[in-house]
Amino acid sequence: MIYLTRRETFNAAHRLYNNHWSEEENEVTFGKCANKNWHGHNYVLFVTVKGIPDPEIGFIVNVKDLSRIIKEVIVDKLDHTNLNLDVDFIPKTIHPTTENLVKIIWEQLLPHIKGCQLHSIKLQETENIYAEYFGE
Amino acid sequence: MIYLTRRETFNAAHRLYNNHWSEEENEVTFGKCANKNWHGHNYVLFVTVKGIPDPEIGFIVNVKDLSRIIKEVIVDKLDHTNLNLDVDFIPKTIHPTTENLVKIIWEQLLPHIKGCQLHSIKLQETENIYAEYFGE
Amino acid sequence: MIYLTRRETFNAAHRLYNNHWSEEENEVTFGKCANKNWHGHNYVLFVTVKGIPDPEIGFIVNVKDLSRIIKEVIVDKLDHTNLNLDVDFIPKTIHPTTENLVKIIWEQLLPHIKGCQLHSIKLQETENIYAEYFGE
Amino acid sequence: MIYLTRRETFNAAHRLYNNHWSEEENEVTFGKCANKNWHGHNYVLFVTVKGIPDPEIGFIVNVKDLSRIIKEVIVDKLDHTNLNLDVDFIPKTIHPTTENLVKIIWEQLLPHIKGCQLHSIKLQETENIYAEYFGE
Amino acid sequence: MIYLTRRETFNAAHRLYNNHWSEEENEVTFGKCANKNWHGHNYVLFVTVKGIPDPEIGFIVNVKDLSRIIKEVIVDKLDHTNLNLDVDFIPKTIHPTTENLVKIIWEQLLPHIKGCQLHSIKLQETENIYAEYFGE
Amino acid sequence: MIYLTRRETFNAAHRLYNNHWSEEENEVTFGKCANKNWHGHNYVLFVTVKGIPDPEIGFIVNVKDLSRIIKEVIVDKLDHTNLNLDVDFIPKTIHPTTENLVKIIWEQLLPHIKGCQLHSIKLQETENIYAEYFGE
């Protein structure tokens, strides 16, 4: 079993706040991340698949195809968006934290991965923070 | 003359659009950067000063002081903000492009640099784009 | 289960030598790392925790709190120190190698991680060397 | 159990094509990677071993020895070569894809790792693609 | 005057040798770089232009246009090629060293830079080597 | 005129303090950098030379020779040392700050650069701090 990882990037705005809470409660928990006018990040996405290389081509999946799928299903829908407002598959009831985004991206991508298995989604929000999800 | 550079980071939202133009014209020039709901970046700021090291301390400027000044004057005012809406010293009539931001940051920082000279401001917007300003 | 990683940095001096050995034996095994006047590194620390995001806040742990704990318990006690001499929780009988440091850092940090599980400690000593520990 | 990783680099040329196929078929599957005059990469290799640190020296393996072995067994034989033509241990019937290379490197390196266990081979082909193999 | 830099990447094979020399002379000067079966690199290209931002759009040049030009004129013609054999604008009489490539890239790109000035070409061959050219 | 840069690394301990001052005065100016038991860094050194490529070889200087010279003259003498105690060419009366080190490295290296001109020395102390010297 070989693991293959493709890296992609997107830039987006978001805000962390709980609209059942007062402004003060949001400030205590989320600090500057609750800014009502948003802030944003350069996100770096790592998609890892696993499988046995096909001897005919030496690939577990053609990385050009994998990149195209990630772009169509994820990057084109997240890049230069507001993650709280603009993305159909991010429910308005879920905070767009890095922890939640890796699970949402996994679920979107999973049905499109054919001929190999999705192994993990890693999403880097800043150079100091990243989250990972392995499907369970 | 020695050049000393301090790196700092901040995360912000912005949008590029010209409000004298139609939505179509904005789309043609700014593409996804014109998204009305904003997008954002992890900005990386490099401030370079120059001077002669003081023999008593070996510094042209104490880098802790330089870092504190950059944080107070620039980073604390830009981090987790919306660059179009939230920052006093970014005029509403000026697009918050990386090219314009380096000049604005230079002008804000210049009066606070004492005992050495401000040499350049470099601002990286993504891993593929950065701008620099040398004061003229 | 989501995995969340926080990156922190510290700079420290150390030396690798066995004081039951002759200088020659130390030289053979540790080479320049045995220099009696020390050398040092910019260490990069990655702390990974795992858990289920709390729906109220979208976090498995508030990364600001995680960062504060890592700083108080680890970084403030290792940064700008001599790892052989200055740190209470590094036994004088243990070599401050990257391999030993990840286990020591794990043991220090573990009692302070609440509401989620500590998953791994990764410590990078140079761009070419890092060690990891998963608690067993 | 501690995991220790050593990073090494090498630069090589290669080409992806199936010589049982027509030029058109190769173009469809491999695109520019099939260029008959080759292309190349700066490969980055991460070798991870695991074991218990020896209390006498604080190492699971002396990283200088590990580095020397990786250089002798792998890097010196791959660096500044053509991966399709020049390397004894890369069979001519196997495509020199990153997926295949990690398994080949594992098999070459395994007999030389003594006193600890080989855990994984990771090979980065570009900043956007890497493969990993864990021995099964 | 603001300086704006765009980063692009390409992967290519090359070989350094002087065909007026014996194999031994080539070996002495170029070492492994003279390998007759080629080797290759992940090149990283930084194109810097300078100008005054247009107040209407905040750009000295629309970075999407700059990126498109660099791709059309340079990257599409160098990516996945053999720099000794495949590129029209690299004379067969000139060694494809990093030093020579920056000047060649400058000359190709210069006629296509409109509305601002080309300031420098920087080309990174490995993480340890890069060359720069400023047009004179 | 082409500029060529070679990157090298070394790891060293140092301490910043003025031995004409009290411990309190040192603490105020140098903070944790004054720790009497030292701390250390992974230094990254960039040496830039300039010249006209020799048409015979395509180099302004053979980068292997440049690397060897930097190693012999600088890196071998600084790597795994204490910059305050161990290095002949760092005067005991000069603080081993990054600002001072770039000038000292320039002066050591200059007599050894033949066939091209030394242009600049850049030394990175941490990911957030670096100094540069251009010879005047």
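Each chain carries a letter (A, B, C, D, E and F) given by its place in the written order, and its residues are counted from 1.
Definition applied: a residue touches a chain if its C-beta (ideal position, glycine included) is under 8 Å from a C-beta of that chain, and two chains touch if they have at least 3 such contacts.
Everything numeric here is computed off the predicted structure, so don't read it as measured data.
Trainee: What chains touch chain B and also chain F?
Mentor: Shared contacts of chain B and chain F: E.
Trainee: Where centres are the averaged C-alpha coordinates, which chain has the largest centre distance to chain D?
Mentor: Centre of mass proxy via C-alpha means gives B as farthest from chain D.
Trainee: Copies chain E and chain F touch; is their interface built from the same residue numbers (over half shared) or different ones?
Mentor: different
Trainee: Where the CA atoms of chain A average out and where those of chain E average out, how many Å apart are those spots?
Mentor: About 34 Å separates the centre of chain A from that of chain E.
Trainee: I'd like the Å distance between the centres of chain A and chain F, where a centre is the mean of that chain's Cα atoms.
Mentor: Taking the average C-alpha coordinate of chain A and of chain F, the gap between them is 41 Å.
Trainee: Could you please state the distance in Å, as a whole number, between where the Cα atoms of chain A are centred and where those of chain D are centred?
Mentor: 29
Trainee: Please set out, as single numbers or ranges, the residues of chain E touching at least two other chains.
Mentor: 31, 127
Trainee: So which chains end up touching which?
Mentor: Those chain pairs which touch are A-B, A-C, A-D, B-E, B-F, C-D, C-F, D-E, E-F.
Trainee: Which bits of chain A are touching chain B when the two form their complex?
Mentor: Touching chain B from chain A are residues 9, 11-14, 31-33, 35, 37-42, 79-82, 85-86, 126-127.
Trainee: Which chain C residues qualify as touching chain A in the complex?
Mentor: Chain C residues touching chain A: 1-8, 53, 55-60, 62-64, 67.
Trainee: Give the list of chain B residues in touch with chain E in this complex.
Mentor: My answer: residues 16, 18, 29-31, 94-100, 102-103, 127-134, 136.
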